[in-house]
Each structure stands twice: as structure tokens, then as C-alpha cells.
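See the structures that follow.
Paired with chain B in one complex and with chain C in the other, chain A is shared by the two complexes that follow.
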Partner chain A sequence: MTDRSTEPGDELTPGADETTLEAAPDGGVADAETVDQPVVNPTADEPDLDRGLIAAWAAKMITNPDRAYRASFYVATIFFLVTTLFPFYWLFVVAVTPRNNLSEVGVFIPAGFNPAAFIEVFTTLPFHRYVFNSFLIATIATVAVLLVGSLAGYVFGRLRFRGRNVMLLLVLVTSFFPPAAFFIPLNRLFNTNVDVLRPLLSAGSLYNTPYAIFIPLSAIFLPLSIFILMTFYSQIPDGLEDAARVEGTTRIGALFRVIVPLSAPGVATAGVLTFISVYNEYFFSSLMTDGRPGSWAPMLEGILRFQGEFEVLYNLMAAASIVAVLPVAILVVVAQEKIVSGLTTGAVKE
Partner chain B sequence: MSTDTRADEGGSLLARPLNWLETQSEEVYAYVLLTPAFALLALVAFYPLIETFRFSLLADAVASADPFGEFIGLGNYVDLLTADTNFTQQFISVTLTDSFPFVAFGAPFLQQAIFVTLAFAILSVLFETTIGFGQALVLDQDFYGRRWVRVSIIIPWAIPIVIQGMIFFLIFNPTIGFGTEFMQWLGVFGNNPLSSSTDSFLIVLVADIWKTTAFMALLILAGLQSIDRGLYDVAEVSGASPWQRFRYITLPLVAPALLVAMLFRTMDAMRIYGLIDATAGCETVPSLTCLVIIALQNSRRWATASAVAFLTAVVISGFVVVYLIALRNSEGGVA
Partner chain C sequence: MASVKLEGVTKRYEDVTAVNEMSLEIEDGEFVTFVGPSGCGKSTTMETIAGLTLPTEGTIEIGERDVTNLPPKDRGISMVFQNIALFPHMDVYDNVSFGLRLRQYDQEEIDRRVEEAADIVQLEGMMDRMPKEMSGGQRQRVAIARAIVRNPGAFLMDEPLANLDAELRVHMRTQLQRLHRELDTTIIYVTHDQAQAMTMSDRIAVIDSGVLQQVAPPLKCYNEPANLFVAGFIGSPAMNFLEGEVVDGGFESEYANIDFDPKAHGVTPRQDLTVGIRPENVFLEEDSRKAASPTKPFDAVVDVIEPMGKEVNAYLLFDRDVEASAEGRGEGQLLINLTPDTDIEEDDDVRIVMDRQNVHLFDRTSGDAISHSLET
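After this line comes the complex of A and B, so read on.
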């Protein structure tokens, strides 16, 4: 086994260090296309040596390291797939197991089959209302972020003015701080009764309204969108904007009629990321309402509510989780390119 | 652009401000457009941050209607850091402190929280970077079905924190989950891992690695794909093994992207709250943000909570500064 690998190594790579040894047949040959020839020859006399199955496999790996790398690539891919997807499968296993059999639930097979859990989720609690609340909050926040972020992204991406870098840094800094550092004053602010709001909101305070969640979340996820939009807007050629201005639109008109439509992929990216982030958020979502569906409590309160007073409804928790994860899962499948490009531009731009 | 004299067709309510905007210089226009963004940030970030700091300088007033007492300067911070307050005994049972092997016996709650937060941040970022690098190398290859592999690697990143918590809560639930049995078989966990600090810390760590590795993988992948493929051809021709190609081409060229990704993840990891709240609970694995919420809700110590919140911000800023310096040294700076 070892002589097989050292033999070509001795001939071909005089200056080999410890790593070139195993790569010798591949590395010693100048043209990548001819790599196969020297590999075929040593393997031809393989049966003579009468190796065991594993030894033969190992020898093959050593004489042809590319093969070993490809094998490890497949092993890694399968490993990653299993580790990321298995928890979802197991969630499904728990969800379809009838409640009485839950202690016998296995790792791979459910103990019984009870798809009715997916209907029970909505009858035990108004879970659809919780999901609707989350959807509404995420949608409003996305629209607000895109609108405000478009203006700011346009300014940072296309205009030159004094204080630009300082202001950009200020935006960046806000995304560094933990939400906990903002929470106490905001909680106080949203709990104070403002008489002006009385006609609009029954209690006169923002607590237990969608505003209490989407206002902080819009601000917290605004910096990322500003960076994404800034990148996309700065890539539109100046000539297009000038042409629109000559044609007679206003400055704002040029932004929303030319720049934004031309940067549609960027806008979609920022929108998808904001929606997912707001939908997934935990801190403000769990603290800004009292948890009742009528108080605009988001989906997370619904899932936690299945830990009822008398009995923890594990199978319903699992079923509710699957129901609530579907929208984002679909969004990921549909918009994965956007997510990837958004996360990376957001980070590369710092 | 600044000498624009065109008049908007009047009539609408918007026409006047729009016309006014047309006559202003580019600089004024920039400031006007930035107003909504900065108004929002001021309301939600700048003003609360200053208020948090101001609150943290006041005394706790647990019994009165207004939760803040008189001005006591840095007293809250001094009490927190020296653990002079009975903050510790207030919400943490003695058994918990005993069974927590990482910190000294009877360590004050805040020190535990700082320790838990830092340990969590460092360990999770370390593991996520390593595994994320592996995922990025897989995603960087061209193979059939790559799109679907990428989708399934991203999906954990996109799921709500509460569901992530729920999954691991169920897996490590002693009656229904398989996780406890498995870990006991390995000899690591006790009977009820979700009520033991050490075991819960590991669960939270694994849950976080499961979810956020994808984020690291995507950022590293972006770095990988910006590498000039010609370099690999040159290396291959001159006889470099795949490992050498990785060591001398991939790693140095991907380092800046790697550092940026680690910076983002560290900041994020230090805010950990939701995952803990949804699995083990804040009393079992106290992170800094958990401490803020505990002080607020369990004992109505608003001023102490503010001090902890501001301290969290300071600790995170410290980390950010360290990273930025490292980044500047490594690649002549970004941005």
C-alpha cells in the first residue's frame, strides 16, 4: 500500500514536502488531462497483490487522490444534508404521532399516524390569527423599510454631500447594538398613554398594537436594507437618471420611476430579507404584546401557548411549528438567489 | 442639476413641496431624503440608547409607581461588577450555581451572564466558521442538484427562532425526544438536560450552530467565488496538491470575507436571548440579554436592567473594535 504511493512520488517530485507525497501522480504531470494515464497503469497490476477490499479501496484512493477528494466531497454533502434536514423530518414525526403514544415516538418512525393534529392546531387555539398577525407585521415592516431604505440608499449610493461617511457609519453602528439596549425606554414609551392616539387606538398606548412590534423592527432591520439598496442603486448609470430628468420627471420621480424599477432585483432582495427577519424575530415580538391573539401577538406566542396550563401539547407544538415554517421555507425555495446575494452584498459592503 | 427650473404640473397637494425640492442644492436634497430614515433610527435606536444610559444612572425604585429613583451616578455599575447587590440571590437558586462547572463556586449572576455570553459567542462562532467553511467548499463545487443542496443548507437559517427553539426543546425533552437518551449513552448529559445549566448550554450551542452555520457558509461562499479561478489552474500546473491549493490560495484570499462574517456572527451571538427563552429558559442559561429581562420582569429593577443593557452594548462594542482593528491589519481595511 505504501510502496504504491512512494514509487511514483520518488520519480516525479524531487522537491516534495509532506503534502505532495500523496498527490504525486496528479501533481507531477504538467497537463491535467493526461493525469489518468499514470493512474491507470499502476492499478492494472492490482489483482496481483491480492489486497482485501478496504486495502484495495485505500490503495485506489492513494494512487488517485482526486478520487479521494471526490469521495470526501460526497460524504460531506450527505452529512450536511442530513444534519440540516433531519430535525424537520423529526418534527413531522412528532406532529403526526397521536398524543397518547408520544412517549413511544421513535427517531425515524412515528408511533401511529394522526394527521388531524394539523387541524387541531387551529381548533385548540386561533393559531391562524397568530400567523396572520405575524404576516401583517412583517408585511408592514417590509413596506416601511423598503420605502425609507430606498430614499436613504439612493442618497448614500448616488449623491455626494458633506457628512456622508459619518452618517453611513451612524447607520452601521445602530446595527451593532443589542436590541436589549433599546428595549427599556421603548417599552416605557409604548406603554405611556398618549391622548392624541386615543381616537385611533382604544387603549391610547402602543402596547398590544402591531405598531409596537413593527416600528422597532423596521428600524433594526433598516441598516441592512440601506446597504443592499445602496449597492444596487449606485450601479445604475448616471445617464439614465439624467435622461429621465430631461424628459421631465421630478427628482423623486426619477428615483421611483427609473432607479427603483431598474434595481428591482435589489429591492426584492432587501424585501425578502426584511420579511424573513421580521417574521423570525423573537425579542421584541415576545415582549411588546401580552400574548393574546386579539392583542396582535405574533406567531411565536401561539407556538409557546401550546404549553397549556394542564398539559403540554407536544404534537401540536410540532404541528404548529411546521405550519409556521412553511411560508419561510417556500420563500427560501423561491427566492434563494436573492437571499444569497442580499446577505453577501450586505456583508461585503460592511 | 442644481439649476433646475422646471415646474411640476400643479394641483396636487404634493406639488408644492416637490417644487421646493427641485430648487434646492444636491446637499439639501440629500438631507431631506435621509430625514425619514434618521427619524426612525433616532426614535428606535439613538434616543433609547441615551435613555438607557440615563436610566442606568438612577436608583431602583421597586415599590413606587415610577420605577426610577434618584440619581446615583455609576452606583448600579459598581454594584453589578462587584456583586455588592443581592442581585445574585434574587433569582438564582444555589443549586444552579453549584452545578455550573465553568464558573467559580457561587459566582455572582452578572459574572455568570458575562461568562455564558462570551463563551457562547466564542464557541458558536468558532464551530460555525469551521462547519460553514466546509459547507461553503461543498457549495462552491459544480454538481448536479447544487441548487437544492443550497436550499436545504439555507433553510435552517431562515426558520423562526421560536421554531428552532421548539425543535431542540422537543429533541431534548426527556419523555419524547431521542436527544437525552443519546447524550446519556455518550455519558454527557444528566436526566433532565433542559433544567441543568451545563447541558442546556450545550443544547443552545448546538441549536445555534445548526441554524446559523448557513449564514457563515453563504458569506464565506461569496469570498470563495470572488477568487480568480486562474490561480488554481496555475497552481495545478505547477504541481500543488488540493490541500496546498486550499492552504496557499483559498485561505489567504478568503480571509477578509471570513473576518467580516465572523464579526457579524459575534455581534449576533452576543445578543442571544430568544433561543434560550424558547428552550431552557433564562434562569437556566443566563445570557446578558436574559439578565435584562429577568431584572425587568421578575423584580421590576428597571435601573439595574438598564445598567445591564448598557453594559451589554459596551461589551459588544469592545468586540467590534477588536475585530475592526484585526480587519484593518489584515487587509488594509474594508469599506
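After this line comes the complex of A and C, so read on.
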């Protein structure tokens, strides 16, 4: 308290106060207690408290809650970033570790540096072909799902008819079944030689063709997309569709020219979800082909091929995994830019 | 430019009949307004004309062509919607040219027409604005430009001004009338606002519960309403009604008796009769010379006075025992229009006269009008 009488200037100029406050923490807790300094809020009349570092910090947070919110935001962000990105980092660590040192691989630092693994991935196996297979199948499935899902979503979301809820429930029920339940009948079906298909498909059966993967996967992921698109399409005001129809489109024309563009966020969501699900799918993809790249075996099959009879090439598997993630990562970034929400604001005056 | 003809158009939803046996001929170049309370079927009627819903029964002809089962795009009509319905993801040019582009006009023609339409609604220089960057009035003008750019046979307008603020609405009202004069096209207009109906139309079609009540020029609907509904709906403030029955010497009700010769109006004693009188056709006794042919005076009590500036609305009760109804004007209540200099106060006893030339008689059972004047 003697301080107050001896240094009246400090009390009058809050700027000076703050500089001392900021200088204090590097001295530590002991410092703050021993050194005579005005740890006070210059505007308050309450008596001086001798505050420790943490107490002072807490007091600051209470007087200025925005700082607290910002601090907790950063803490949460960093936490999520670390938990999501660390596995990728560790994949990278494993990938660049030379094969001989794989047993010594650490958590943070690779045991050696061998970026050639990223090239070996393509030379050991035609891994690019596997990725291409998956990419193509996922793309076709996404287009098909969005097309069919849009039509179905339009019907469920915008038309009123008898039996609508029952039909919607039936569609959704499909997605409640475990996909494995469908496998045996489908496998039998796709392995059956159908004479009609003989001119189109070499063996006359769908086994070892992209259709064997794309057909069941599209069907399995369709209900979710229908549901998402239905919710979005039902929110487009009727007036816009009516206007398009009067101006010269059919109902389907209005769907694709007006309703779909205005539901861009929903379409992008459904599309990305479908693409990622199909691209990452393993169960059907691995069983519907014989695993050779020429038989349209998918990317995951390729990664597992680095697992030989006598050794497992963990570094190549890790490198392949990173390579396989890239197309999806790029897609999500691109789609995110396309997801422009708030397009409908100002469309209709309610 | 085209005439529009409805014949026995009926629209039934599962258990509701929205439009019932509507038959109507609209001439080429005519401005016809569908007016009625909300839910009366006027919008449904318009949707059947546009082709957005198909009628359950009946036929629709546009320009002498049966379009009953054609999709909206092939009917040669355009439409302005209540909620404006501009495509939010397109700029003004794309919105206006949408229909032309779908019909694959060549680019020069599109540009020329869009420019012309923009000129008519004064939208020059706004071609690359997005709808959300515009004010309500501007958006409405874009919607009108989109409608006129295709040069359709008929315009359908579904409450196009309902979402604008009062001042803009009055302004757009005159704009639309000017537009009608310039384009000389058939316009079918839907509104529940009778001020718009009265001011703009060549004829108004009054609709209630899906049934056409009267189709006539606005003043005819006002002066000679076909039935009780039209009488009560057209005119603001609404007409006063007295319920009673025919007696030998005229009309008798709980509160007021009016003398006339029942035979001259083709009514018979004991018939249920409703007398209608507009607020501006009732006068205080001292002003009775203003009435062309005053009735004998009635006693009344002033209940509430509403000074409106250019006039005063006074709510009267025929009797101090009458309880003012909470829902509109009940039995025994009467609204009259007075000049602003009239010196009366609430709770005054007054004597009033009605103008016999403007007393309307309605058959209460059927609701149909019997006579629009007691003078013959």
C-alpha cells in the first residue's frame, strides 16, 4: 500500500500501469508476490489484491471474456487438428522410413529418410490403376446416385401423393440392413452367366467388371442421398418452380435448372458423401473382383497387395495410403468452394 | 393477345371443392380481376388457367385453343407471382431472358426483347444485378419484365403487389394500369384487396367458396351487387345490413321499418328480407336534403366515432340496449359516413334517414338481390 503514496503517477496514468502488468509475468509467481507493484484495476476502488500469475490471468479473463472465448476456441481447434492430422503425419513417418529400419520407427521422427517409397508404390504394383479403378467407380456411382436421388428427392420432397410416407420408409429401410446381408445373393447373381450380356461383357457375367461394384454400392448409398436431397428440395419455394414451368420448362427441367442449383449445398453434401463412401468401400469391392488391377479391383485391394507372403511392406502401404487419400482430399476442397450457402436469401419475399 | 374462356371448370381436392363449375369468358385485351376472401378459390382458378394444376372437370381455352391438358409452357401465358419468384441464382438479364433462352431464340432477338422489356419497366442499367441486391419494387419490376418479354397472349398476376409496402403498392398499381394500356394485352389479376380490384379492372369477378358470384364492371358490382356476398365484400367500409321480413306496407325488423310497396318489387309478405344500405347513403336528419329521397327518420345512439380526416365514420346503435358485437357489425348496429365538420359526440342521441334510391333488397334465403332502389 505504500506504493500508492509514493508513486501517485502510476495511479493516474493507466498506460503505465499496464506496462508494469505485462512486464510482471516473466518474473513468475514469486516475483509478483514480492515485488511491490500495482497489480490493480486502475478504475476500481477495491483494495489491492496480491494475485498470483494464474489468479491474475483469471481476473483478466473475467473482466474481458472475449479473450477467454478466443483462448478456448484455439485450444479446441488445435485439439481437433492434432487428433485428425496426426494419423496422417504418422503415415508419412512410416512411409519415409527405409524398409530395413521399419522396426525402429518412432512416433514423431522417422528412422531414416527414403522418399523413394512414393515412387516404389507405382513400380512395385500398378497402384495408379487401382486408384483409377476406385476413382472411376466412385465417380460413376456419384453421378448415378445424384441423378436418381434428385428425381426421387423431388418426388418425396415436393409432391403430395397417397403412400408417400410408406414408400419413403421402404427406401430408407434399405439403408438399415447391413450391406453384408446382400452379398451372397448378389455374388451368385453376378457370377451367373447371362447370355444376353455375352456380346457386351467378355464372360457374360458381371464378376470382375466395374458394374459388379458400382451397381450394389449405388443402391446401398442411394437412400441416404435421397433423404438429404429430399430435405433440401422441399425447402425451395413452390413459386420458383411454378415460375420456371410457366417460363417454359417441364417439371424435370425446373428441377435441374432451378431447384438443383439452389440446393447446391445439399447436392454437394450428398455427392461428397457418396463419393467418399464408394471410394473407400472395401467389402463389396474386394469380393466382386479377383483382386487384379485389370479386373477393376479397387484401391484398397491395391494397398493390401503390398502385404506379401513373407513380409509386409509397411512403408509402401503407408505411402500408398497417402496417395490414395489425395483424390478425396482434393475433391472435398473443391466441393467446399462450391458449397455456397445463403444462395436462396432474397429469392422470395415471405 | 388472346381471349380466355373457362367452361365448367371444377377443381376438387380429396374432400374439398376449391373451384366449382366456374364459367367465364374474358375478352382479348381485357383486364379482369378475380377478387374474394382468402381461400375462396381465386388462386386455384388462376393456377388452372396457368396449367400449374389440372382441373378435375371443365375446359379452358386460351386464344380459341383448348389448352386444358397442355403443360404451362405451351399455353402462351406468363405469370407474375405473389412472392415475386425471381430465380435467385441468376442476374436480372438471365432472369428476364430465361423463357426466351429455353425457346432458343437467337441471341440478337433475345437482347433486343430484353432491352425492350427493361425499357418498359424502367430497369435499364441493372442487367447484371442479382435479385438479392435489389429492393422489393425493383424485383417486382424484374418479374414483370420477365412476364412481358415473351409477348404472351395473356398475363396472369397472382397478388403481385401483396408483398410491397403500402406506398409502393399504390405506385405499382398505376404502373400496371399504364402497362395494360401500353401492351393492350389480356390481364387476369388475382387479389383479395378490393381497392386494387376496383381501380384497375375492366371487369371484376367476385368469387366466394369456389363459386363465381358476379362478373361485372367494378362500379356495377358496387352499385348493383348481385347478392348478399358481393354487397358485403365490395365496398369499404362494408354495407350495412338489416334483417327482417316483408310486411304489407314494406319492411319490418326489430330496429327499423321501411315503407315500400311489396308488389312493385315482387316480394310477398312474410318473406325473409335483408335490407342493405351503404354507409354513405345514410344521413343525419338535419342533412336529409342530401338524400335524393329520404326515408322517415330513425332513432339511434352514437357508439363510436372514427375521424378519418376527409370523413368521419360513426358507428351507431339503433337502441341503447343493443350490445355492440365484438366481431364486425352485428344486428342493430349501423355504420355511417359523415362529413368531417359534423358536430356529434359519442353517446349522443341522433336521428338518421336513409336514401331510398340506394336501399338494396336481398332475399335472405337465397341471398340474391331483389332490387337496388326503393324508387321505381
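Operating definition for what follows: the second predicted complex is superposed on the first by the 242 of 350 C-alpha atoms of A that agree within 3 Å, B and C clash if a C-alpha of one lies under 4 Å from a C-alpha of the other, contacts with A are read in each partner's own complex, and residues count from 1 in each chain.
We take it that a residue touches a chain if its C-beta (ideal position, glycine included) is under 8 Å from a C-beta of that chain, and two chains touch if they have at least 3 such contacts.
This is a predicted model, so every value here is computed, not measured.
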Once the shared chain is lined up, is A:113 touching chain B (first), chain C (second), both, or neither of them? neither
Partner chain in contact with A:102 - chain B first, chain C second, else both or neither: first
Considering only touches as defined above, state whether A:314 meets chain B (first), chain C (second), both or neither. first
Pick one for A:237: touches chain B only (first), chain C only (second), both, or neither. second
With both complexes overlaid on chain A, does A:245 touch chain B (first), chain C (second), both or neither? both
Between chain B and chain C, whom does A:89 touch in the aligned arrangement: first, second, both, or neither? neither
Could you look at A:258 and tell me whether it touches chain B, chain C, both or neither (first, second, both, neither)? second
Touching partner for A:331 - first (chain B), second (chain C), both, neither: first
Chain C versus chain B, contacts on chain A by residue: B
Both chain B and chain C contact which residues of chain A? 245, 248, 250, 343-344, 347-350
If we count contacts the way the header does, which residues on chain B are in touch with chain A in the complex? 1, 4, 6, 8, 18, 21-22, 26-27, 29-31, 33-34, 36-38, 40-41, 43-49, 51-52, 55, 134-135, 137-138, 141, 143, 147, 149-156, 158-163, 166-168, 170-171, 173, 175-176, 178, 210, 214-215, 218-219, 221-222, 236-237, 239-244, 257, 260-261, 264, 267, 270-271, 273-275, 277-278, 288-289, 292-293, 296, 302, 305-306, 308-310, 312-313, 316-317, 320, 334-335
Touching residues (chain side chain C, partner chain A) in the complex: 50-52, 71-73, 77-79, 81-89, 98-99, 102-103, 130-133, 136, 139, 146, 150, 156, 163
Can you list the residues on chain A that touch chain B in the complex? 13, 19-20, 22-23, 26-28, 30, 32, 65-66, 69, 73, 76-77, 80-81, 83-85, 87-88, 90-91, 94, 102-103, 105-107, 147-149, 151-152, 154-155, 159-162, 164, 167, 170-171, 174, 176-187, 189, 215-216, 218-220, 222, 226, 245, 248, 250-252, 276, 279-283, 286-287, 299-300, 303-304, 314, 317-318, 321, 324-325, 328-329, 331-333, 336, 339-340, 343-344, 347-350
Which of the residues in chain A come into contact with chain C in the complex? 237, 239-240, 242-250, 253, 258, 261-262, 343-350
